[in-house]
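Worksheet for the structure shown next.
A, B and C label the chains in the order they appear, each numbered from 1.
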Amino acid sequence: MSPAVHLAATGHGFLSPTGVEIAFLLVGIATFGAAIVTVTTKQLVHAALWLVVALGGLAVEYLLLTAEFIAWVQVLIYVGSVVVLLLFGLMLTKAPIGRSPDADSGNRPAALAVAVAAAGVLVWVVVDAFRTTWIELDKGVQGSTAVSGESLFRHWVLPFEALSVLLLAALVGAIVLSRKSGHDSGPGVGHESGPRAGHGKEMR
Amino acid sequence: MHLAYPAVLAVLLFCTGLYGVLARRNAILMLMSVELMLNAVNLNLVAFDVWLRDTLHAGQALTLFTIAIAAAEIGIGLAIVLLVYRNRGTSDVDRLRDLADPPSAGQDPMDDSMAAPTDNDADQARRARRQTA
Amino acid sequence: MTTTTAAVLVPLLPFLGAVAGLLLGRRAPGFVRPLAVLPTLAAAGLAVLVAVRQGGGAGGGTAPLTAVTRLADTGSVPVDLALQVDGFAALVAVLVAVVACCVQIYSTGYLRDDPRYPSYAALVSLFTAAMLLVVYSDDLIVLLVGWEIMGICSYFLVGHYWETAAARSASLKAFLVTKLGDVPFLIGIFALAGDTGTFRISEIHTRLTSGTAGAPLDHPTLIALLLLAGVAGKSAQFPLHTWLPDAMAGPTPVSALIHAATMVAAGVYVVARLLPVFASSAAALAVLAAMAAVTMVGSALAALAQDDIKRVLAYSTVGQLGYMTGALAVDDRGAAVFHLITHGAFKALLFLGAGVVIHAAGSNSLAAMSRMSGLARRIPDAFWTMTVALLALAAIPPFAGFFSKEAVLGAAEHAATGHTSGVPEGVGWTVLLAGLLTALLTAGYAARLWLLAFRGQGEPVPDHGKQPVAMNVVLWVLFLPTAALGLAYGTLPDWFDGESLTPTLTTSVLGTGLALGGALVMYGAWRHSSASARRVPLGAVAAHPEAADAVSEAEAIATHEAAYGSIAGASDPADPGRLLLGPLHRHAAVGFHLDAVYSALFVRPVRAAARLVHFLDREVVETYVRGAGGAPRLLGAAVRRAQTGNVQTYLGALLAGSLVLAVAAVLVAAGA
C-alpha cells in the first residue's frame, strides 16, 4: 500500500516535500504496517501489542497535525486503557498464548477482497477529490490544550455533559452484563450452562 | 502538508480494520479491528479540522467524543464477549450461529422451523417457565 | 279414493316400502318381509283398480286420465309432474305390479337365508316404483328419473352376489352399457322438447297426430335415432344387448323381474308411447326394423348354443323384445304392448321356474341336467308351469304367446302388403321374415331347454326337499296369464289404439307350422345325440344342495366357468343345439363374438387411452407440479445455504454491496 501513497504523493508534482510531510509519511507507513500486523498476526496478545504501536503512531500523526491535546488523549485513553482492557478481555476468555492457527475464520479471502476493493475505491475517490488541497500548518497551532479546552467548554458543553451521562450508562451496562447475578447463578443456570460450556470446550 | 496524506492513511487504516472485522475469528480481535476503524475516522476528523481552520474546533471536539464513545463501546463490547464466553464457552464469532437456519436433511423447512427451536428459544421458554413457577 | 289418488299411490307405495325397508332393514328384521311384499301387493291392487276404472275394458277407450303438477318452471320448457293413464299404461302397470308382487313373494322363499335380503327387497321395491313411474309418467324428464333409478337398481341387484367375479363384472357391464344408451336418449329427449316445446308425452302425441300438414318435427330422424339408442340399451336390442345375458349372474328373481318382465320392457314401452315420433321418420322405422331383425335372429341362434339355463332364457328375452321392436317398426304399438304383457307373464314364470330347477338340479348347466333323470317328478309344479310357459314362448296355440306373436306377425304382414300407411313395405317384409325365422328357432331352443332339463337320462336327481309354498304359488299365479291371457285378444284393442289383434290365418298357419317344425327337428336331433350323453360324463353340482335356493344358485354361477371353461357354453357332445348349429355353435355360444368386438373396439382403446392419460398425468402434469414445488424448494435450499449464522459473512456481503452501490453512485455523480 505504501507505494500507492508514494504515487499519490509524488504523482502530483510534490517534488519538495517538507520535513513535516516526510515525517508524517514515515510514521504513517509505520502505523499502517502495525495495523496490518494487528489484523493478521496469529498471536492474539501480539495483536494487542501491535495495536498499541498503531495507536501510538496515530498519536504522533495527531501531533504532526498540530492537534496536541487529541494526541495526548489518544495516548491516555487508547494506549492506556483500551488496550489494557482488551488484554484483560483476552485473558478472561482464556485466549491461547502463542500462535493459534485458527485466529482467522474461513471467510478470510472474501474479507480480503472486500477490504482491498474498498481501499481501492476509497483511495481513488479521496485522491481524486483532494489532489490540490493543502493544509496550512504554519498558521499557528490548531489543537493546543488551551484552544481545545476553550472551545470544548465554550461551545461543546452540552454534548460534553451528555457524553458523560453516556459514559455512566455504559459503565452501569458493563457491570450489569459482566456480573454473575444472583438468580442467574442458581442451580438451574448452572445446570443449563454447564453442559453447553463443556460442549464449547470440547469443540475447541 | 498535502491533505491527501492523512486522508489516504485514514482510508488504509479503515480498510485494514475492515479486513480485521471480517476475517478475525476471535471476538476480541474483532473489537481491536473496530478500534482501528474508529481511529481512522478520528484521523480524518483531525486532519479536516486542521485543514478547515474551524474556529469552533468541531472536528477535534468530535474526535474527543468519539474517543470517549469508543472507550464506552470497548467496555460494553468486552462485557458482552465475556458474557458470551461464559455462556457458550467460546468467543469465536463463527461458532455463534444461532442466526443460522438449522440444517435438516430432506424435511419440510416449515416443519423443522416449527419443530426445532433454537437454543435461545429454548432458553427463553425455560426461563419463562421458571419465572411463572 | 279417486282414480287419480290411486294412480299416484301405485308408484308411491313401493317407493315408501323401499325407503322403509332400507331404513329399518337392519334394526327390525321382522318387518322386512311385510315391508317388501305388502306395499307391492297394495300397488298391484291399486293398479288393477286404476285399470278397471280407467281402462276401456267395457268398450271404446275412455279418455286418458291426466293430472299435472308443475314441478319446475324452467323458463323455456317446463317440467311437470304429470300423470297419464291410458290403456297401455294401465295394463303395463298391472303387469309390472303383478310380476313385482310375484317376485317379492317368491324371493321370501328363494332368498330366505340371504344376509342381504333386506337391502335386496328394498331395491326390488325401489325398482318396481321406478318402473311404475316410467309407466304412468306423462313427462319425459320424470320418466327419465324412473328410467335412471331402474338402471342403478339393476346395477345393485345384478351385483347381488358380488363375491363372484362374474356378478361384479356383469353388474358393471349392465350399468355401463345401459348408460351408453342413456346419454343419446337424454340428448334425444332434449332435442324432442326443443322441437315440440314440451316434455309432455301426451302433448307431443297430440301435436304429432292431430293431422296438421307436414312433419311438425324439424329433425324426426335424428331424434328418433337418439331415442332409439337409449331404448336399445334398456331393452337389450342389438348392438347394446350384450349386458343382458351376463346380467344372469344376479339372483333368479331379479332376472325374472328386471331382465324379463319390466326393465327391458321399459324401452319398448317408451317407444310405444312415443311411436308417432318414430313413425314420422321412415328411416327410423327402417333402423328399428333392421335392429329388430338382427336382434331376433341373432339372439335365437345364440340361445340355441347356451348351456346356462338362465342365459338361454336371457337370449330368448332379447329375441322376444326383438318381436316387440319389430311390431313397433311396423307402427303397431297395440301388438307390441300385447306381446310385452304376455311375454312379461310367461318369461317371469320361466325365470322363476328356472330358479326352482337350478336348485333342484344343483346346477345351472343344461349339460348337467341332461344327465339327471326324474327332475320333472321332483318339482312337478315347476315342470308343468314351465312346460306351458315354454309352449307359450314357442307360440303354440292356445297359449298367450301364440296370440301376441301372431298379432306382431299379422301387423308385419299387414305392413308388408302395403296396408299400413307410412311404413315402407321393406320394413314389413324384414320384420315378417325375421319373425318367422325366429319362430322356428324359438321353438327349437324352447324344445331344447325342455328336453335337456326335464328329459335327462342318467342318475336320478337327489331329493333336496320340497320347494317353499310361496314359490310354487307364485308359479301357478303366473301360470294363469301365461295360459289364458291370449284369449283376451278380442277385448284388448279397446284398451289400445283399436286395431284388431285377432290372428290372421296365413301368419297363424305359417308361424305355428314353423314352430312345430322347429320343435320336431330339435326333438329328432335330441334323440340322435342324447345317446352320447351317457358316454361323456359332465357336470358340476353345487356343493351345498340342501341350502337355500339362492345359495346353490350363487355356487352354480361361481362354478360354471371353472367346470366348463366358459361362462356361456359347455363342450357337451350330447347337446342337440351343437348338432343342429354345426360350426355356427362355437360362435353362437359366445354371442357371435360381439363382446370380443367391443373389447377390441372400445375396451382396449379406452384402456390404452387410460394408460396414456395415466402416463401423461404421472410424467408430464406431475412434473410441472413437482417442478412448481421443487423450484422454490431448491431456491430455498440455496438461500438457506447463505444463512450460515456467521455474522462476519453477513457483514462482508453487506459491505461488498454497499461498496458496489458507492462505486455506482460515484460513477453516476461523475457522469461516467
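Note that a residue touches a chain if its C-beta (ideal position, glycine included) is under 8 Å from a C-beta of that chain, and two chains touch if they have at least 3 such contacts.
All values reported here derive from a predicted model rather than from experimental measurement.
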Greatest contact count: chains A-B
Taking each chain's centre as the mean of its CA atoms, the one lying farthest from the centre of chain C is chain A
For the pair chain A and chain C, the C-alpha centroid-to-centroid distance in angstrom is 100
Here the gap between chain B and chain C, centre to centre from mean Cα coordinates and rounded to Å, is 88
Here the gap between chain A and chain B, centre to centre from mean Cα coordinates and rounded to Å, is 13
Two or more other chains are touched by the chain A residues 105, 107, 110-111, 114, 118
For chain B, residue numbers touching 2 or more other chains are 18, 21-23, 93-94
Shared-interface residues of chain C (touching two or more other chains) are 646, 648, 652, 655
The answer for chain B against chain C in the complex is residues 18, 21-23, 93-94, 96-101, 109
Per the touch rule above, chain A residues touching chain C in the complex are 105, 107, 110-111, 113-114, 117-118, 121, 125
Listed in rising order, the residues of chain B that touch chain A in the complex are 1-9, 11-29, 31-33, 35-36, 39, 42-43, 46-47, 49-51, 53, 56-57, 60-61, 63-65, 67-76, 78-83, 85-95, 119, 123, 126, 130
In the complex, the residues of chain C that touch chain A are 646, 648-649, 652, 655-656, 659, 662-663, 666
Chain C contacts chain B in the complex at 633, 636, 640, 643-648, 650-652, 655
